[in-house]
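In the two complexes below, chain A is the common chain; its partner is chain B in one and chain C in the other.
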Partner chain A sequence: MTSVASQPAGRSKARRASAQEGGAVRSGMTLAAYLFLSPYLALFIAFMLLPTLAAVGISFMRWDILGTPEFIGLDNYRQIFADPLFLTAIKNTFYFVFLTAIPMVVLGLALAMLLDQKLKGTAFVRTVVFLPYVVMVSTVGILWGWLFDKGTGLVNYYLTAIGIEPIAWLKDPHWSMPALAITTVWWTVNTNMIIFLAALQDISEELHDAATLDGAGPWQRFVYITLPLLRPAMALVTALTIINGWRVFGQAYVMTQGGPEASTFVIVQYIYLTAFQNFEMGPAAAAGVVLLLITLVFSLAQMKLMKAI
Partner chain B sequence: MQDQRSNRAGKSLSGRALAYTLMVVVTALWGAPILWMLVTSIKPESEIYAYPPAWIPDAPTLEAYGALFQRFPMLTWFRNSAVVGILTTVLTLAVDALAAYPLARMQFPGRRVIMGVIFATFLLPYELLFVPLFLGLNSYGLVDSIFSLTVPASANAFGVFLLTQFFQAVPRELEDAAIMDGCGRFGFFWRILLPLTKPGLATVAIFTFVASWNNFFWPLIATNSDETRTLPVGLATLVGGAGMSMKQSVLMASAVVATLPTAIFFLALQRHFVRGIAATGIKG
Partner chain C sequence: MANDVFAKSLLTRRQALALGASAALAGALPRGALAADEKVTLWHGWTGADNTTALNGVIDTFNKGGKGVTVEPTGYDWDTLFSKWVVSSAGGRAPDLVLFHITELPEFATRKVIRPIDDVVASSGLDLSQVPDAGRTGVTFDGKVYAAPLDVHPLGFYYNVDMVQEAGLDPAKPPKTGEEFLEWAKKLTVKDASGKVTRYGFELPNTWATARWIWFSLMYQNGGTFLDDKGLAAVDSEASQKALQYLVDLINVHGVTNPEVGGNKGEDAFASKQVAMKFIGPWEVNLRMAQKMNFMTAQLPVFGAKPAVWANSHCMAVSKQPNEDKLAADGTFMKWFFDNFAAPATTVGIIPQSKAVRENAAFTGTEQYKYFKSFVDDLPNIVYEPLIPQYLSVFSFDKPTPLVTNLQAALSGSKPVPDALKAMKEGLDAQLKKG
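Take a look at the complex of A and B:
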């Protein structure tokens, strides 16, 4: 594109890179590039890259706050997988992912399609659905903790009004996780809605108009135009929903503290408990690595699945 | 659910009626909890648990807010959250913009690897990092400090990713002309690139601030005194344990106070939020 003329005058090392895009001096550019990058890279290495590697390292060590670290191979992994509480945490977290994934994707898409229409008021409804995004998790927990209260909560009040017996929600091990799932969908489905909305707005009107002229009904247009064109958005939304589902913590911590009967005790709370209340860093790091592996497996499986469809 | 699609073009009357019905239902389901929070926070004690629940208080009062600020170090938590949010935002914006410039606009060895590694962290469950981060900061005596709440958070890749996209959209010719005029790379970056990409910078700033404001797990670990505790961690202490007997009006007042800054931010700058999510799909 650009010519040699764009090079700063007086730099003689130019010959080597004359054909390079941008046309600038290559080594000079490399130096400049790394100068610009260095502050971020320093933070990234110190607080992202090294901690990731350290987490894996610590998972193979006995590491208490005091005392010298010691390599113990897979002992931490053996310990956590022999711990019924960790297995419960995996089971509970999986249940949470199962309960949230489909509503988060389907409802996200349905809301996007509803609010993508050219009707008065859609902007207002979008704002209302989006508002929970800026509410912090403690507040979400405090608010829904009361809404789900058996005696004085609004949820049971309106359920009773349509003839449903009051449910103990957060005090009943069968209902505690569904209650957390409902709270989470209310809180975060807006992210998925926005991604779908952006994708829907990229689909050209003409495509729909042409299909309509050819006699395609709304259902056919949805299946043959909208859905295929939404595939990248669908893949992103599904991956994010599942990864974030496995990372659930704050809602459970504030609303139920993992209870009742450990029915909402999740993997991240296991990490928190093990590391920062029992001060067993090795097993906590191992649980973190297990969490990483689970999310990786799910992301890969989901990518494969999206390709196959 | 399917029928709503039929009026994408908004033509048939029944389709429109259905769409509006659904919109009312959606508004009620998503708006009611927020409204209930506001309404309850201004109810006097006698009305909080009234049956049936009243959406309009008979005698609105601010006593719950008074009790909240009197009994808890709300102002300290609030100040901590504000300081942490602003520092994190400024630091993140500075390092992210500097890093995004070469990634977006320069060819250099290692570029692809660096981008690959940085953006791979999108898939990383950050909870994995907290044990080593805590141990590392603890060994330098930095736990329970503003440092531990601000600097590590600036390693987040979201801003680099978003700004790289914004910077790529600026025409090459501008850069060539600027450098030919003796502007230099930094001159171009500072005087031309940044002013041209203000919407992108605003988006990153807003997201970083809101993420910091709402951040819960790391501050829960990294703080152990009210001197550094941020709002989300402080508020979590209101429920459970000693907070069990807390009046709902006080709890809801805390919810209103915590939500107000980000809600105002959001209502004023809604399009930046939407752009940020649409571009990356990253939540906080």
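Take a look at the complex of A and C:
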């Protein structure tokens, strides 16, 4: 304090000016940041936030698109929870998340570890692994529909070759969801791989070198260096995988249309058909809100769990 | 006027030449022919590459015919078409004309997205007397005609001629009764040395709508109906049980079919020789011809007391618009399309509703006609699914409805037939009462 008070007036003035300038620069930078963000923000608000808020509103209305919405309180929520098909959809979607979440994270990490090696041809293999991601869901669905065919499909061809009886993957209610899970893992595990790969490349070589000098083997380095440093990436990947799992739709719609015997009927298909086939916007919006809450709860629980580990 | 034409789109060289030629001939043409055409938008669900090309080709011919109307078609898959149409109607931007199935008509009429067209039919001269009674009834709702009936596509019987011959059967004498059909199915089912079936006599997939159409046909053949007098489901009737039990027995008792074979998108059990016979509509004729399969078609055998065969039809309706100044143009195209339906019918694989078109050499003279003939012969036996406003939700292809789920459960053996039909009735009644 004294030193400041004893400063010559001119210096203090200059400092104030510089502070003001700094403030101006900072606010200028903040403005620039907002400007850079604004295109995304505008689109996000127009096409995500406002429709989401509208959906919450519509979930309390009776509305068939053509008429005037009418407020009916919680009736839509009562209707969907009394609908066995909605409960089946929740159960099926949960089963899908269960089937895909662990392989998506474990396989994503394993692939990333593999492709993080400095071997010849790694760039090519990375491209090959990432390639399915650019294929459209309808193509993926039709392709795997062929692969899973009981009579002529490649999957059963190999199963038969190792002495396993052919499975009617998409026509047997017990196998249809595992078939969708396998398809999904093949199609999307590469995004998890990319995130893990980026995170792996962020880990300093020196840490591994130091640990090696201290006598740590590959497994110890993986457990005590790689895994802890991957925690943020792991949290992100797990959250994204679970959220995407709950939002599954395209594969089920193209490959099985929710069948056989409703075994692959998922929440988003329920929402889509309720809204655009039955034109019951209220119950569809209510189901959307329920899905939002489910993903929120799962994400928060998962985040908490990751912090605890 | 010329500016309007140029503003529409960039001209191809051929169009530019045509325009030049038209200008040169302008003096010889009546004044009206040079006036800008009235534009009419048409939405349809014929999205297969061949179908779109066929439809666009026919529309091109119309557009060049100097009728003062230019039709602009847009294709969507059926689900997208319906949702987009209803939403566009709400926003006052509906297309002028829409092509869909007659079974969906009551729903769209109830939702008031289409308007009655008795006046358009009368003023355009569209001759509905050419259409069989069932087709006319199908486009009538609340006593008013709502659409132009275009075609009919009944279920038919396809069989692989090579396999039939190999089995020592006569391909010229396809089965006409349930007993004869079963005999064929047994002889056409092939097993290897270990007793494992390598080819089934008949395709009865557990997925998609085929099983539903077959069961529906057999139910009516047995004297049953889908709905009772009160408009509720009659699917637990004796006729219905008998029909479904017959199909389940084909799987479990006779072993001539397997619900796990064929049916899914991309799977083609008939072409890949996993089955020898199948029941499907005339829309597969062109596919089988392109695959160069040695196949033939026949009328559906009569399994019950009388012939009956599932069918559906396409029709063309006029969207309800705030402004009705395009009705004359709509009518001009509808009548022309109805009268010139042979080309799209042949390419799409459907049977024209109009008797005049059906019997015209433009249809009967095609190479496809020898396969279409059995479908034409079955027209007196067609049965439409109930024309109810809840059609889309009750008969949805893409949703595990009570209808689909219970039918699949019966065929897969997870529910006995009576239990499956009882559960189906309960689910259907709940849907039907919803109104």
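The rule is short, and it goes like this: the second predicted complex is superposed on the first by the 262 of 309 C-alpha atoms of A that agree within 3 Å, B and C clash if a C-alpha of one lies under 4 Å from a C-alpha of the other, contacts with A are read in each partner's own complex, and residues count from 1 in each chain.
What we mean here is this: contacts are C-beta pairs under 8 Å (C-beta built on N, C-alpha and C of every residue); 3 or more make two chains touch, one makes a residue touch a chain.
Because the structure is predicted, anything quoted here is derived from the model rather than measured.
Asker: Any idea whether chain B or chain C touches more of chain A?
Answerer: Of chain B and chain C, more residues of chain A lie in contact with B.
Asker: Of the two partner chains, chain B (first) and chain C (second), which one does A:A235 touch, if any: first, second, both, or neither?
Answerer: The answer is neither, since A:A235 touches no partner chain.
Asker: Between chain B (first) and chain C (second), which, if any, makes contact with A:V254: first, second, both or neither?
Answerer: Both: A:V254 reaches chain B and chain C.
Asker: Which partner chains sit in contact with A:I142 here, chain B, chain C, both or neither? Use first/second/both/neither.
Answerer: In the superposition, A:I142 contacts both chain B and chain C.
Asker: Touching A:L66, do we find chain B (first), chain C (second), both, or neither?
Answerer: second
Asker: Could you look at A:L273 and tell me whether it touches chain B, chain C, both or neither (first, second, both, neither)?
Answerer: second
Asker: Check whether A:P173 is in contact with chain B, with chain C, with both or with neither, and answer first, second, both or neither.
Answerer: Touch status of A:P173: second partner only.
Asker: By the touch definition at the top of the document, which applies to A:L207: first (chain B), second (chain C), both, or neither?
Answerer: neither
Asker: Looking at the overlay, does A:T152 come into contact with chain B only (first), chain C only (second), both, or neither?
Answerer: both
Asker: Shared contact residues on chain A, chain B side and chain C side combined as an intersection?
Answerer: 65, 141-143, 145-146, 152, 253-254, 257, 275-276
Asker: Give the list of chain A residues in touch with chain B in this complex.
Answerer: Going by the criterion above, the answer is residues 1-2, 5-6, 8, 20-22, 24, 26, 29-30, 32-34, 36-37, 39-41, 43-44, 46-52, 54-55, 58, 63, 65, 110-111, 113-119, 121-122, 124-125, 127-139, 141-147, 152, 154, 157, 186, 188, 191, 194-195, 197-198, 208, 212, 217-219, 221-222, 226, 236-237, 240, 243-244, 246-247, 249-250, 253-254, 257, 268, 271-272, 275-276, 281, 284-285, 288-289, 291-292, 295-296, 299.
Asker: Quick one: which bits of chain C touch chain A in the complex? Just the residue numbers, please.
Answerer: Result: residues 79, 82-83, 86-87, 89-90, 111-113, 205-208, 259-261, 263-267, 269, 272, 274, 392-393, 396-400, 404-405, 408-409, 412, 414 of chain C touch chain A.
Asker: Tell me, which parts of chain A touch chain C in their complex?
Answerer: Contact set of chain A toward chain C: 64-66, 85, 88, 141-143, 145-146, 149-152, 168, 170-173, 253-262, 265, 269, 273, 275-279.
Asker: Considering only the defined contacts, which chain B positions touch chain A in the complex?
Answerer: 1-2, 4-10, 16, 19-20, 22-23, 26-27, 29-34, 36-37, 49, 52-53, 94-96, 98-99, 101-103, 105-109, 111, 114, 117-118, 121, 123-136, 138, 151-152, 154-155, 157, 160, 172, 176, 179-180, 182, 184-185, 189, 210, 213-214, 216-217, 220-221, 231-233, 235-236, 238-240, 248, 251-252, 254-255, 258-259, 262-263, 265-267, 270, 273-274, 277-278, 281-283
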